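First chain A sits with chain B, and in the next complex the same chain sits with chain C.
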Partner chain A sequence: MIPDEWPLSEATTDRLFALASKGLLLTILIWALFPIYWMVFNSFRTRFEIVGGDPSFTETSLHYQNYIDMWSRVDLIEYFMNSLIIASVTTVIALCIACLGGYAFSRYRFPGRRYVGASLIGTQLIPGILILLPMFMLFRTFHDTVGVQLINTYQGIIFVYTTFAVPFAIWMLRGFFDTIPASLEEAARVDGCTRFQALVRIVLPLAAPGIAATGMFVFLVAFNEVLFASVMARGDVTPLSIGMQQFMERDQNYWGEMMAASTVATVPILLLFVLFQKPIVKGLTEGGVKQ
Partner chain B sequence: MGRIDIDGLTKEYRTPNGPIQAVESLDLQLEDGEFVVFVGPSGCGKSTTLRCIAGLETVTSGAIRFDGTAVTDEKPKDRDIAMVFQNYALYPHMTARENIAFGLKMSTDLSAAEIDDQVETAAEMMDIVDLLDDKPGDLSGGQQQRVALGRAVVRDPELFLMDEPLSNLDAKLRAQMRTELQQLQTELGVTTVYVTHDQTEAMTMGDRIVILNDGRLQQVGTPLECYHRPANQFVAGFIGSPPMNFLDVDADLEDGRLDHPDFTLPLSDSLADELDSTDLVLGIRPEHVSLTDTPETHPEPNRLIETDVTVTEPMGDITNVYLDVGGEAITVTVDGHVGVDPGGHLHMHVPASKMHLFDAESGRSIKHSDEPIDSSSLSEADSHVETA
Partner chain C sequence: MARAFTRLHERVTDGGIGRYLPLYNRLDEKHQYAYKLLFPALAMMFVVHVIPVVWGATISVMGVNSNYIADWTSAPFVGLEHYAFVMDPTTTIGSRYWYSISRTVLWSVGVLVGTYVLGLTAALLLNQEFKGSFFVRTLLLLPWIAPAIVTLNVWRMMFLSESGIINHALMSVGLIDEPVFWLLGDQALWSMTIAHVWLQFPWVMIMLYAGLQSIPQQLYEAAAIDGAGRWGKFRYVTLPQLKPVSGVVVLLMLLWTMIDFTTPYVMFGGSPPSSVEVTMVYIYNFSFRAFAFGRGAAMSVGLFVVAMVLATIYYRRFIRSDLEEEDQ
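Right, the complex of A and B next:
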């Protein structure tokens, strides 16, 4: 509501609001994209240009040598493959569990359903750092008693990530399953399907955008995770996030190579996101609206 | 298979506020090849009963038998049924062809070629051959309905279950599909249970109609039986459009009359002898009331009630006239050519033979109209018209 003494006309006010909102959007966009720009920009600069006394946001000698030298400083491919294995397996396992869990929460009415659902979300509120030490000790005890090593192994870090990803994935997928009419499964059951067949043949294909969105989220979280990886995924299973961190700690002067390595590490994930962008966006918007 | 026996079917839902009985001790027998319509208001238990027959709901108590074989605990896929849903429930990620073929793929050992043949046959029957490669999202409501019917027909089931399949269509298409459904059912001769809340659909489609209210069976009978011989006041009010008029009356058994604050109607001795209650509800169908503006020349002046016309609704062939009797609204249908003006003062005639009486407390029917309930042939109907 515009006050009586407001000096501008309604149309001018609308234009001003539109301009202000666009300005705000642009500021947020610059805020979000600048680190990426800075990473790519500095990957094409010499060490002197980066740490020299005359800072610039645009001047570069297009020093692509960083992209050649970085391979000798950081084992990018090994770290990347480790991250890919850990994130992919985590995603597959988490989605398998979450599809069944989300479906159960969406379709079945069982005692305590509301409390179990709330506690699932509750787990997301606990900071990871609080669980890190107990988890580490648990893994060590597990090794001492059962004889299976979980620390610094794929299975250990995948187990940790899956544990954290499943509750959120269940919660997210439940929203997608809620949007699929139950009558479709009922029709399938009348058509000759068991309940599980109806889930696999009818519900899951229809929830594919939601599953893709959830999978992408789980993948990115697992791919970018640092805290647990820094304690439980060292040595042969060191993922990219820790590898890059080690690079920073070890070779602090090689900013150009570091930025080049970061850029190269970003590209596959960016490509993956671009490739799956449509189903992800569709999934995210559909999940929010109950039909 | 084709005969269905339902014995003491009860379905109870547990809620935080206590159990709710959706269906209560329902006993019903459906004959082979019969078209039975379940009708009733929202929440009456008609869809729940259908879902229990389909196996989509577990039964709290009671038994369901198909041709004498108990299927109460069988899974839907093991019941040899096909179902058409209110929202069609077509699989959106499959083409019409895949939708129709899905049931055959899942429940038979037919080869792909045989399935394709059967899909084509069903599509021809439903006139949707050109739509087979379209997905449901590309089809109109009517076309989706045909695909859904095709999906049911192709299975050649022993029982068709239809849950308000026409309710999402517009009025014109609904009327057309109603006829087509009846033709289809007659051609296939498959026992069909059809659920609707629309009493017009129930009256026009069913061999028999099953009227439910609050989870309890009210009446089972042919449409004409339910219309002219309602078992209780609920059925009388639910079946028929415009609905039956009701007026609370007291029976004076000594003087042989029905008393209402605004009128008195004579009661025959034979009827007075039948009555065991004096608190009654008088029921009369809108088409059984006639109007006159010359009460002095009427042959039955003691059966006339003074009324004021409040509203008229010309429908073309008929006109609905709304009258005021002591503050209560009464609907009368008259020939479309009869001119009745709102605000007029008229007398309505309530013939004794068309009058219904219900017990005011229980709603049980005590007397019904003497209209015949057997369908007559066309020639018989012509002779009736000529005699009249």
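Right, the complex of A and C next:
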């Protein structure tokens, strides 16, 4: 009999392969989760434990003072509320607009569709720094002529963030709408629904996972933006992305308090994610950006 | 919310946007409806993207500085002077500008390679069905879900040279003998790349995973009949099938990194080491500290053109053909 070229039987290689992939997955999991563990862990350590002596993975004195001091060091509550208001309102408005646009883009082969598609991607390559100053001047002109203040107000920064998020949200939602058969709406139209009713009553509920996933994306865009926030969201509307930097001072860095504040800021978002985890993860994996 | 939604829709459809547009009137009713649905998005994009880009390009050919900021229209027209100045590599400003562009490209390519390799690996591993795979998928998404403005500070703390956990870990396993200054000099670019890959790889992973899930099982069966092993299936089925989704993921990852401001700004603040002074940060510091808005605008247009050229080549090559197929 001719001996097998491969010294191991197929069953053995399969088992080795499975073992290797489990190991690799575990490594990636540790790499993904360690910084989050490190944040929570260090929020319970004293200044000395963090910057002095030997760093340790587990040693902590369960020093909860950080969670008390951080509120007085910076106006944390205010910044955090500002960020939440800006990001949630942006998410709601952007989803409304992007649902309409994404639906049109998915269902209708209108003339100029290709150009609309290209311009949706095109907006993604405009450097924020190029439009920052013109936007600032535009807002000031708007204030001088119409009388509505947009600089350093919620409405101004929400307007900007909404527009930043809408093009990609349309692109994402269009992928989800593509997966819903058009025959459902046609049936609804035969039953006497208007086009718009068919969209709201039939299509949107079916696209709920996709909408949840897109909403998460929009929320993160608005929550993490720094450039425009640093110029046109100061004063009363300063968001966390700017306010957080105040834990860093020239001579002293309040790492422990910063980590405590970071933990407090992360928890509600993780809770939100866990709450909507099923639709979001389902939505993200079932459609979205197809091509 | 539902009522506001309906009202928005009515406002748009009853507004008679077509009254003033002859081209629009020539569309049939169905396609007019499509444009009505797209109208709010297109109008906002016009105000926040088109007008400011044109405005920015205008500023770049005018001598706008702090004297003219209140009344920029009276600033003198200087033509392409700013462009010639900021792109002249013999001056300090020009050479730093080119250096920042090279840093941006290096950073973007590093992030692209890192996120794609890591994202694809994770997606392939998740794609083998196993118990608890949904849970693992959720956990792997956390770096992307946790706010970047928070986690980037964690990375900065981990990269500290004296007390950072990364130096400590590397020294205890003997890979380095003395602390590395991760946040200074050339190493800073590595640190920033690693932190940004950590932030973004879940997005690439989940997009590629979605792509993997849509590959028909029959293709693998057919490949197995043809005698393909694991590598053969990956090479001749998985990779080609992933091409459309990879096309978009790669393009967006590249563009988003090139114009990202959050990561360098949160990790290194207002005065970063020169190795991580990417173009976005350089222009920001340059135009808002020196009030040289005209020159800053010229630099921004330069960055925009670099991004546009890259994207156009890429779009023609990978994405447009898919949209054209759909049109037919």
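Keep this in mind: the second predicted complex is superposed on the first by the 249 of 291 C-alpha atoms of A that agree within 3 Å, B and C clash if a C-alpha of one lies under 4 Å from a C-alpha of the other, contacts with A are read in each partner's own complex, and residues count from 1 in each chain.
The rule we apply is simple: a residue touches a chain if its C-beta (ideal position, glycine included) is under 8 Å from a C-beta of that chain, and two chains touch if they have at least 3 such contacts.
Keep in mind it's a predicted model, so treat the numbers as computed, not measured.
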* Fit or clash - chain C, chain B, common chain A -> fit
* Partner chain(s) touched by A:Leu84 [first = chain B, second = chain C, both, neither] -> neither
* To do: From the overlay on chain A, compute the angle at chain A's CA centre subtended by chain B and chain C, rounding to the nearest 10 degrees.
  => 90
* Asked: Of chain B and chain C, which one touches more residues of chain A?
  -> C
* Once the structures are superposed on A, label A:Ile202 by its partner contacts, choosing first (chain B), second (chain C), both or neither. => first
* Which partner does A:Glu225 contact after superposing on A: first (chain B), second (chain C), both, neither? -> second
* With the two structures laid over each other on chain A, which partner does A:Glu186 touch: chain B (first), chain C (second), both, or neither? -> first
* **Per-pair minimum CA distance [chain C against chain B, superposed on A] in Å** => 7
* Partner chain B, residues of chain A touching it in the complex -> 181, 183-184, 186-194, 197, 202, 205-206
* For chain C, which residues count as touching chain A in their complex? -> 1-2, 4-6, 8-9, 13, 27, 30-31, 33-35, 37-38, 40-42, 44-45, 47-49, 51-53, 55-56, 59, 72, 118, 121-122, 125-126, 128, 134, 136-151, 153-155, 157-158, 160, 162-165, 168, 198, 201-202, 206-207, 209-210, 213-214, 230, 244-245, 247-249, 251-252, 255-256, 258-259, 261-262, 265-266, 269, 279-280, 283-284, 287-288, 293, 296-297, 300-301, 303-304, 307-308, 311, 315, 319-320, 322-324, 326-327
* Partner chain A, residues of chain B touching it in the complex -> 54-56, 75-77, 81-83, 85-87, 89-93, 102-103, 105-107, 151, 155, 161
* Sites on chain A touched by chain C in the complex -> 17-18, 21, 24-25, 28-29, 31-33, 35-36, 38-39, 42, 50-52, 54-55, 57, 92, 96-98, 100-101, 103-105, 107-111, 113-114, 116-119, 121-131, 133-135, 137-138, 159-160, 162-164, 166-168, 170, 195-196, 200, 216, 220, 223-227, 230-231, 240-241, 244-245, 248, 255, 258-259, 262, 265-266, 269-270, 273-274, 277, 281, 284-291
